[in-house]
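Chain naming follows the written order as A, B, C, D and E, and within any one chain the residues start at number 1.
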Amino acid sequence: MIVAEQKDITEIVKMIEGCQNILVIGCDTCVTVCLAGGAKEVAILASGLRLALKVQGKEAEVHETSIERQCEKEFVDALKSAVKGHDLLISTGCGIGVQTIAEQFPSLPVIPALNTKLLGLPEKQGVWVERCQACGQCILDKTGGVCPISRCSKSLLNGPCGGSQNGKCEINKDIDCGWHLIYERLKALNRLESLAEIMPVKNWSTSRDGGPRKVIREDMCL
Amino acid sequence: MDNHLDSCTGGNNGIPVKIGVFFCTCGHMMNDYFDVKALMDYAAQVPGVAFVDENRFLCTRSGLEWLRSKIVRSGCNRFVIAGCSPHQYEVRFMNVLEEAGLNRSFLTIANIREGCAWACADKEGCMPKARQILSSAIKRVALAKPLEKVRRKVESSALVIGAGISGIQMAIELHGLGLRPILVEKQEKVCPKDASFMNPCTQGAQGSDEVFSSGWITQKLKELDDKKIEILTSSQVTQVKGGPGAFRVTLETAGQEKILDIGSIVVSTEPEKRAVQKMTALRPSHRIVSLSGLSDLVTRERRALEQILVTADKRTKYVCFILGEAEGFAKRSTVMALNEAIALKKQFKAEVVIAARDIIVSGTQIETLYQKARQAGILFFRSTEDSGPTVSIEKGVITVRIHDPALDRPSAKAASGNAGVCGSQESEGAARPVIIHADLLVFEDEILPGEDTECLKNALRVNLNKGGFYQEANIHLKPNLSNKKGIFLAGSCHGKEETCEALGDVRSVAMAVYSTLSRGYLETEQKVVIDTDKCALCLTCFRSCPHQAIEIGEVELGQKWGAKVIPEACQGCGICAGECPAKAIEMVHYSDNQIFSELTLER
Amino acid sequence: MNDQDKAIVIGGGIAGVSSALSLADNGYEVYVVEKKSSIGGHALSFCCKATEQCNSCGVCLAKDKVTRAASSPNIHLLTHSEVVGVREVRLKDGGVSFEVDVRKQPRFIDEDKCIACSLCYQSCPKPGIAISRPYLSSIPNVFSIDRNHCLAFQQETGCALCEDNCPAGAIFLNQKEETTILHASALVVATGFTAYDARKKGHLGYGRLPEVITGLDLEQRLLAGRASAFFGPLTREGKEHMPPRIAFIQCVGSRDPHISQDYCSRVCCKYAVRMAAKLKSQISDAEVTIFYIDLQKTESEFLSLVEQVRGKISLIKGLPVEIEKAGNGAGVSMRYENIDKGCMESADFDLVVLSVGISPAVQNQILAETLCLRTGRDGFFAPLNLLDSTVSSRPGIFLAGTCQGPKSLVESVSHGQEAALRAVAFLRGLKKKGLEEVCHG
Amino acid sequence: MKAGSRLEKLLNQGEFVATAELGPPKSADIQLIKKKASILRGFADAVNITDNQTAIVRVSSIAAGKIALDEGLEPIIQMTCRDRNRLAMQADVLGAYVLGLRNLLCLSGDHQSFGNHPQSKNVYDLDSIQLVQMCKNMRDEKVFQCGEEIRNTKKSDIIEPRMFLGVASNPFGDPFEFRVVRLAKKIKAGADFVQTQCIFDLPKFKTFMQMVTDQGLHEKVSILAGVMPVKSSKVLQYMKNNVAGMSIPDDLIRRMEGAQDAKAEGAKICVEMIHKMREIPGIKGVHIMAVEWEEIVPTIVKDAGLWPRPEVAAE
Amino acid sequence: MDFTPAIVAFCCENSAYRAADIAGAQQEGYPSNIRICRLPCSGKLEIIHILKAFEEGADGVFVFACHPDSCKFLLGNVRAGKRIDHTSTLLEKIGIEKERLRFFFLSELEWTAFVEMVRLGNESIRNLGPSPVKKEP
């Protein structure tokens, strides 16, 4: 799932400078699950902003609402009436949500309340770790189901660099060495020999490097 | 300002809220603090209030009678009682509501006695505060939603995990109460891992040396047999779902998966033993044993023991026990040591020395046992906090050095001379350790949680304490509850050391189990409700509920997944409601709106 | 209701209450016969021992239980009452049952009418003496009048201020002692213990020196307020505001063959260390010392508690030989044997707390006679078999809590449940037998 | 002859080679490069010119390499995958070649988080193994990574960059068993010589070499053992704690602590190490990493009896 | 300056709420400007509740939880603690002194301590002056 993290409220307070009527829009999907932008956080943020404004002696209204998925135009459109009369929208959705809102409400400024961080999973309650880079060309079959692109700090394709020690990465003792994990996994599956082959140069054009990407499912297109 | 009214009519499915406010003047006492009449007038003008009245003693029989009639006649559907603290009579008043056919949550107490009249340091602050308490109580009750009661039939079966001494006893007790115990043992046959684990606490003291030997066990096993108690050997619990009265337990029985519906679960597994570090540090020798090792010698390999303690030469043999090396279970070690010491003294005429920092006697009859040991002529040395006894093996001879300051005193010369018998006095010096050339050196065992504890814990979703034993650290769980309702802890798995203690523990658990199952059904209030439509299935509540009262799965059979509360397991703390990122969880009696309504200040 | 669905619990202490609760929860009618004016016993006079964290003394557990008992519809409280006679009666269906005479001393205040408004208390010329309540929201939360101090029973004139002031008309100064008869097939004896009377140990100076108090006294003081309150400004060695020096003396009336109490009271080490920790947390600079013979390091929580206080308070192996008024007038001075140093030492203290042990309740002997029960040589009720300490020497009567031997608060709760278990099993047995006989007949 | 570099020739002659290291300055100071070069001249058969070592910006390795070349040294150009994508890399290989540079050491490179631009974006378009492969293909297959022939226009003839290709190997990284596999991979990819991470833990290195020789890898490639003179015990301590993939025995640290003249002792240890290396089968030379301490190299080379350095035999 | 702060005290009904009752019943007066809000457990207290209190014009918010390890629900006080830490940082960023939010541990029997805490707490808030939220625009 998409994992995001709330921006420092002071940053947001700066962004709402001079606005009179603000609507905070939550998203009930990924960012709710990653505890960053669900109904609860929206309420806290809105209340926080109200307080901040009062402290600065400013007069402004902050309202709150929340929708199923900010990354669906239809859902965002449903906000039309709620949006009326506001001069600023704050999205507690991921980057996608912010942009969908911007697209649907061209005349209204929308600002992000979150930093969209990674595609990953909760390691334990309150801790999320990265698992995928959306490189567009999955090689997990070759690496025992552990992704070197997202879990090796250098996205190496041919085994751990010299910095790997005690299963940890050279850049930080509390990061696992992705390639060590791959090694252990393949050992367990007793497929180590596959590591002897040189993995060819990766085609990065399928990833972001190939420019903005698109997925088209012809048969599903109407 | 009073939008709370319209906002709540929804919760009251359209029927307009009519609030009745009753004042209890506690005799006339309240009038000494503020003008109750004025308060009543104030209440009367708060929107939504339809009826106001007062009584001098609501809490008395007559008072409650009066209240009941008023409730019916007033035609109101929400009630505020302004009087003493809810902790006094809230329950009684709620019962009255119920008798009057209303939901008990449609009542709020305005605590104007303890909370205001008696508490205000400043008399002039009293009236406004009373008014404020009253108004927020009215707002609160206007928002009240009904607390639903759920009644669920419960299984009469109880799963007893671990057929140790406690487990066996547990099964028998439960059977005696007409419940259906099912005994689960991971070994392929039921024979308590170590009969000596729980040492006969009363041995010696009672004279009967066999209160608790294998004899006890064979007899119990027979009992199990006669009572046809269901026993699942080589079985392990792999998953537990549901709550008290209706657990669904998955076991692995001899490779087969088996699913049982269980009313209540008792954990009575046995811990493991390990040699203390000080002992493992020494070169292994048949003359250095752990307490349990010794009792094995005594019971099974007598010959070996004789070889150590009986030889051609008539030299007196020396046995030395060193205690206080292991964390915890000190009582068990002391009792075992005392028993064995007395036995060895009797049977081999050996010189027996027990070196310990503290003698643990805080158990049934142990003091007596200790006295008996002293009379038997066993020598006790008190090592000091900082310098415990040291052991060295010099050309095959086990040498123990003990610093007992008591022996440095002139008065204790005699004693030290006595100590000399079992060793040689070292050259003069300030602190002269007693030296013992031990023919047999005995250490206590270190008691550790059973090796299956970890996986069983995960299956049951119960907590462990710092030591890795089953948790009970929190006082509210004592004497033997786990963090999950309906799962109980019995015996050594949560630190019981003596047999009496353990068996006692078993009985009190049996009673607790009986209390949950005897009625055949459980009736609980649905304190927490989850709005499935809002639930984002983030598992936060599932992970953060301290009582594991939340499950993830089909909310209704065949419906989409969501989080659901097991009302029987829920204890109504509201932690989940506080955590839920989707605001899908609400505490019926403490909804956000209700809490907010109490926060609005009069301006 | 049938006798086999009823039980009588003698003693409303924590063990009795927990026993009663367990029985009531399973639908049995339970009468709790309590000598005092409210239930809860010793437990509720204890203070909370929490420092920075909870030290699981269990007082709140006790409070929970007692409150629950009070609101249980199946439990009937008989306060100011004592069991004075017991007869065994055979029932028609062949079962046996007990017929119990309960004598109720007058409280002079009607439990049902009293609303605990405390107006009587306020109007009384001798409040707290003549009219009193053990502690707030005691259960039942009702005042009681002590005929020995109440003026109404002393002056011919007869004071009746309370009567006049009671808004509920709950006061009846002419109330008389009355005896009622209860029927039940099972009895649970839970009469608790008596704290050892430290006066008997003259050399410790209890009752003679104001600085010497017992653990129970300290509990009550800590319950009433913060520790700092009970030391005035301490000046010594010419300096002002010196930190208080506090000593705990273990095994006062325990492990002592001379007074034939040669058993360990099981609770003292724990409560002493807990209270030491509590004092230390309230008066950070206090110098606390515990004098002991053997520290009973048993439960894991206690071990961690000992770790918690390590270095903060000093533990000395050895007991005092004598305690006297200090020469310089400040506090008391104590001579004691330091076993670790192997010599006699002496030190001065501002407060000495005697960790008094658990002695058998004084009335045990009389009760034992009325109930024809066996007591052990230590004076506690003796179980038939130590492996099941709740079974008394007489069928149908069960033992719970410290009346059977020293126990901690939590242990007593547990033991209460045990006794309930035995009672239930027994009653179920009777019922079965009854049924069978009915079928035969 | 693959590239015909001096290093290659000496190795072919079966000489026990000694290479050193020249770290380019963190400024545009050409004199420093020349100074360092003059120190090393005549004492090292080839010198590694590091590439933004530890991810700190420095004079580019190729530029510095050119200067070193002019100063009469045989440079080994280091190239990391951190900062360039395949275009830049191939361009630089061509560039290096036209400047007369003939040795290339292919590295993954330290992660930028170590250096002075931790916020920069890293590239890692290729990894070191793929880099070697690419350079080998450029040399032997005469094609770019994309498969295109290396010629200017369809008409012009193929002129490919012929580099003598080196790789690094860290015998002390984890998982240990994988280290040999990885080396084998690098050889397979086309490595001609290997320079190891600096070695302090001899026993562990010997086990490594054992595994290497068992697989006969030492015959497919020339292995130069990395050695490092240290100035003080602190340096060792630091490396032990902070440099990943380092194995440093404590007694070594103790020895340094004990020494009166730490520097001298450091050099001595290094010399001893070189002697020991010569005894290990499969070792074709040493790589002396005197980081920011070039002036010690001559002493070490002399004391190790590696002086004077051999000349390339005339054909 | 003469200023009576408005203070909301969130009290766990298993400890502080009872303590407050006893304090009251002991006629042990504490400032009347303390408004007690009863919670089933401090674990029910949410960040938004605290913020709302300030929005409603509270000058201070006190939270009373049971002592560590003695929460009737095992973890309520722990959760409360974490939420309060989070909230006080938030408040500070917003521009509200974090001293206005106080967290206390208390047991039912420590009613004297309750009175002491409330009195001192009240003083400290009084010294802080009115909440910056109340500033008129």
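In this section, a contact is a pair of C-beta atoms (placed from the backbone, for glycine too) under 8 Å apart; a residue touches a chain by one contact, two chains touch by 3 or more.
This one's a predicted model, so the numbers in the text were calculated from it and none came from an experiment.
Peer 1: Can you list every chain that touches subunit C and also touches subunit E?
Peer 2: Correct list: B.
Peer 1: Treating subunit A as absent, figure out whether the rest stays one piece or breaks into groups, and list them.
Peer 2: Ignoring subunit A, components are B, C, E | D.
Peer 1: By mean C-alpha position, what chain is farthest away from subunit E?
Peer 2: The chain lying farthest from subunit E is D.
Peer 1: Counting C-beta pairs in contact, which comes out ahead: B-E or A-D?
Peer 2: Pair with the higher count of C-beta contacts: B-E.
Peer 1: Most remote chain relative to subunit B, going by C-alpha centroids?
Peer 2: That would be chain D.
Peer 1: So, what's the distance in Å between the C-alpha centres of subunit E and subunit D?
Peer 2: Whole-Å distance between the two chain centres: 65.
Peer 1: With centres defined as the mean C-alpha position, give me the subunit A-subunit C separation in Å.
Peer 2: 61
Peer 1: Rounded to the nearest whole Å, what is the centre-to-centre distance of subunit A and subunit E, using the mean of the C-alpha atoms as each centre?
Peer 2: Computed value for the inter-centroid distance: 36 Å.
Peer 1: Report the inter-centroid distance (CA atoms only) between subunit B and subunit C in whole Å.
Peer 2: 22
Peer 1: Going by the contact rule already set, what residues in subunit E reach two or more other chains?
Peer 2: 21-22, 25, 46, 48, 52, 69-70
Peer 1: List, in ascending order, every residue of subunit C touching at least 2 other chains.
Peer 2: Where subunit C meets two or more other chains at a single residue, that happens at 54, 56, 60, 137.
Peer 1: Which subunit A residues sit where two or more other chains touch them?
Peer 2: Only 40, 43 qualify.
Peer 1: Going by the touch rule stated at the top, which chains touch which?
Peer 2: By the stated definition, chains touch in these pairs: A-B, A-D, A-E, B-C, B-E, C-E.
Peer 1: Name, in rising order, each residue of subunit E that touches subunit A in their complex.
Peer 2: That would be residues 46-48, 51-52, 54-55, 90-91, 93-96, 132-137 of subunit E.
Peer 1: Inside the complex, what are the residues of subunit B that reach subunit E?
Peer 2: Touching subunit E from subunit B are residues 85-87, 111, 113-122, 125-126, 128-129, 132, 463, 473-477, 483, 544, 546-547, 571-575, 577-579, 587, 589-590, 592, 595-596, 598-601, 603.
Peer 1: Touching residues of subunit C toward subunit E in the complex: what are they?
Peer 2: Counting only subunit C, the residues touching subunit E are 47-48, 50, 52-54, 56, 59-60, 63, 136-137, 223-226.
Peer 1: Of all residues in subunit A, which touch subunit D in the complex?
Peer 2: Residue list for subunit A touching subunit D: 153-172, 177, 180, 183-184, 192, 195-196, 198-201, 204.
Peer 1: What does subunit A use to touch subunit B in their complex?
Peer 2: Within the complex, subunit A contacts subunit B at residues 28-29, 32-35, 38-41, 43, 125.
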